[in-house]
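Lettered A, B and C in written order, each chain numbered from 1.
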């Protein structure tokens, strides 16, 4: 059928078609579906319209896109590639100059093993805590009507997520350290409290991990559409069933992605721990630093490099989990 | 046991009584009364902000009215929570659960009711076939086009065999072409299943072409509820006359005997006529144009609309009118041509007193 | 969330996040035996090493911002405009530094730097090795920080480029007779101002707070000085910590205000804190 023969009064109606259509009903804040309308969009890449300009792009006469990226590759190669190579090379180089796996096996043994496990344990624990509290806080903020509260918490999160390192350590020392204000005024020391311990460090790490999680998960919570909740209710789902079958599963990639991001952050953290606990808590970053600054036996440098390689492997695993999760989350919640 | 084997369940009769709802100082529903017969498709039509969406959301249980009743087969469902109502809604867009396949989306309500997996699958497959998506059950929403997504949403809404189907501008986010086919299909399904349906739209062509009756709303009130033809031919209020289609407002004189003089032609009046100066409401297709030297009007512009051509004429008294002429007859009608304009011999509606602008 | 849960969560969060700040403030102004005094703050500027380390950090920050923008902006713009196949490559390359924690990067850097004296002492390259490690202005830190900032800067840039239609801007400028470089400088960069500010802030915050690489390589910028000073004067270093937090806050607020003013009402709904979609690396 042609578009003209559909309705009896179509001629008369047509004039009205030119009226600007109301942009969605009042209760609905989501943008109109720009791309969802066209009939056969490739779901994975989204926009068929993109191909034409992309092809045209190659004909644009900017000489050498590669040329423009050359300085970047140069710096990366010099300041990142070279050290990475040196690290890998050193990790496999034995005391007599030959190659072997001794350093690596020593790096996952004895005190180093304890440190590696300690780091993983601390990171996993604080990441889990940060994920949980960050989610609760973000949900409390996102579900509130007040814009002021929302913006205040998000801005504060932006600052505090960056408030790592040395200043954070000192703030906690001043608060909960041996001479800290809370410790002395509440007599925490008598109850066996020590900031310079695993749990003290965990409490401190949460101070930047929770805000980091808030920043990560708040957009995802915003992305949970009202229509999903209503459609679920429409299908007879209670509030609990909605969260169990829709809300949490949809958030899951963001939550997992946030968790591994937090894990990676905590795992790589060095300054906070170094400024706060010295080396009284076994952590892999502290071990590497000790070995590098020659605080331990001479000739341990290559074990430090092997430990670094261990860290890289863990961090690479984290990224390998994080990136696909993030991609999926964006696809669902965009 | 399948969906289709069952005897068609007749839709419920819906009655809306004195519905009021305001948001702060904004009144969304200002005493709405409506009746929908079992199996009927009623379109709620109006400009944005007229309360049509609020009305639909009250029916679905997503808004509580401040006052009034919603009777489904005589039972007031206002106190019933949305998840316990026998109503199902198809949303504007984006309402499919993104982490579930099309089949799982359709079967979601059955899963909430703890229906066995095998049965769920079978029903989901049937429903998907019903909406023309057989074999698409394994796709995720982002792998479906907008039109396909809305078909899945429709199947999901039908899965629990609702007594009342609510459609909230389900086509507004789609391409014109997809919109047309889906429009027909929704209507076919609705007739086939005999399900009472309320359809919210701001697109009058959609409303007029699909619905048994159209309720035109404005400012939270019902302006007129009638069949599409009735609405078009005999708008009850000025608002409806203006909102539906294109309407010329031509000054005329009522003679007190039930007729009116419009552009020199005497026409019978539909409804109360009165006497004295009036404004006659005349559709563009009810006007005839003839090129004539010394005519009363001059063509300002023409626009090609396929089988007809719309001609805009400035009359000598300053009135601007639009007339539809068959395109084959429009060739001579170029801008600047002097013409005479005459209404065809058919009953004419008068604008309400004081309604003239 | 339950009606009671939300206030409870907000209350607990308020306590957890505010108490350390308040307690630290009390710690710095309330000195046993002396009562309330601001001496911890007034002493800062005369503290030995403060000015030198702060200036060093600021210098490093400026150099790093310049370097990182100079290398990423052309690459990112080129990837958008003329070499779409460059984009995935850039994305991978700019993600790589996230995989190597700063401690590990430092371990590798230290190894490379040790090659200098060991293997190159007879070649002119040796002078280069000495120069990059000049304690007055260690270029090696600039390089390391540029690498560490790269992932965040690139992401910010990529997002910024996505929101302005670079191609149309350049084509319009070219239509008006601008040369390629002129088109970039006069049409594209002004529209990226918010993005560039954002990226600069990220880098600045990272460099000013960076401790790991500097301390392990034996340099003494601001954060390292703080730790060294804390040994002799704990109150002073806590005071400096609070001030640096305040400074971050002010900078971020300024940036957010600038950023939000430049956005349309709709996009400001997805309120974005510029500084920190990712954690930074200076812990």
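Just so we're on the same page, a residue touches a chain if its C-beta (ideal position, glycine included) is under 8 Å from a C-beta of that chain, and two chains touch if they have at least 3 such contacts.
Because the structure is a prediction, the values reported are computed rather than measured.
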Per-chain Cα centre nearest the global Cα centre, belonging to chain: A
Most remote chain, CA-based centroid, reference being chain A: B
Centre distance in Å when chain A and chain C are each reduced to the mean of their C-alpha atoms: 17
Inter-centroid spacing, chain C versus chain B (mean Cα positions, whole Å): 57
Chain centre separation (chain A, chain B; CA means) in Å: 48
Touch list for chain C against partner chain A, complex: 1, 5-6, 9-10, 13, 16-17, 19-21, 23-24, 26-28, 30, 67, 70-72, 74-75, 77-79, 81-84, 86, 90, 93, 95-112, 115, 140, 143-144, 146-147, 150, 167, 180, 205, 209-212, 215-216, 223, 226-227, 230, 234, 237-238, 240-242, 244-245, 248-249, 252-253, 256, 266, 269-271, 273-283
Contact set on chain A toward chain C in their complex: 29, 31, 53-54, 57-58, 60-62, 65-69, 71-76, 78-80, 82-87, 89-90, 133, 136-137, 139-141, 143-144, 149-151, 154-168, 170-176, 179-182, 206-212, 215-216, 219, 222, 261-262, 264-265, 267-272, 274-275, 285, 288-289, 292-293, 301, 304-305, 307-309, 311-312, 315-316, 319, 323
Residue ranges of chain B in contact with chain A within the complex: 47-49, 53-54, 57, 60-62, 81-84, 87-89, 91-99, 108-109, 111-113, 139-140, 142-147, 149, 153, 156-157, 159-160, 168-169, 172-178, 180, 200, 202-205, 208-209, 228-229, 232, 245-246, 283-285, 305-308, 310, 322, 324
Sites on chain A touched by chain B in the complex: 1-4, 6-17, 21-28, 30, 32-33, 36-41, 43-44, 225, 227-228, 230-238, 241, 245-246, 249-250, 252, 331-333
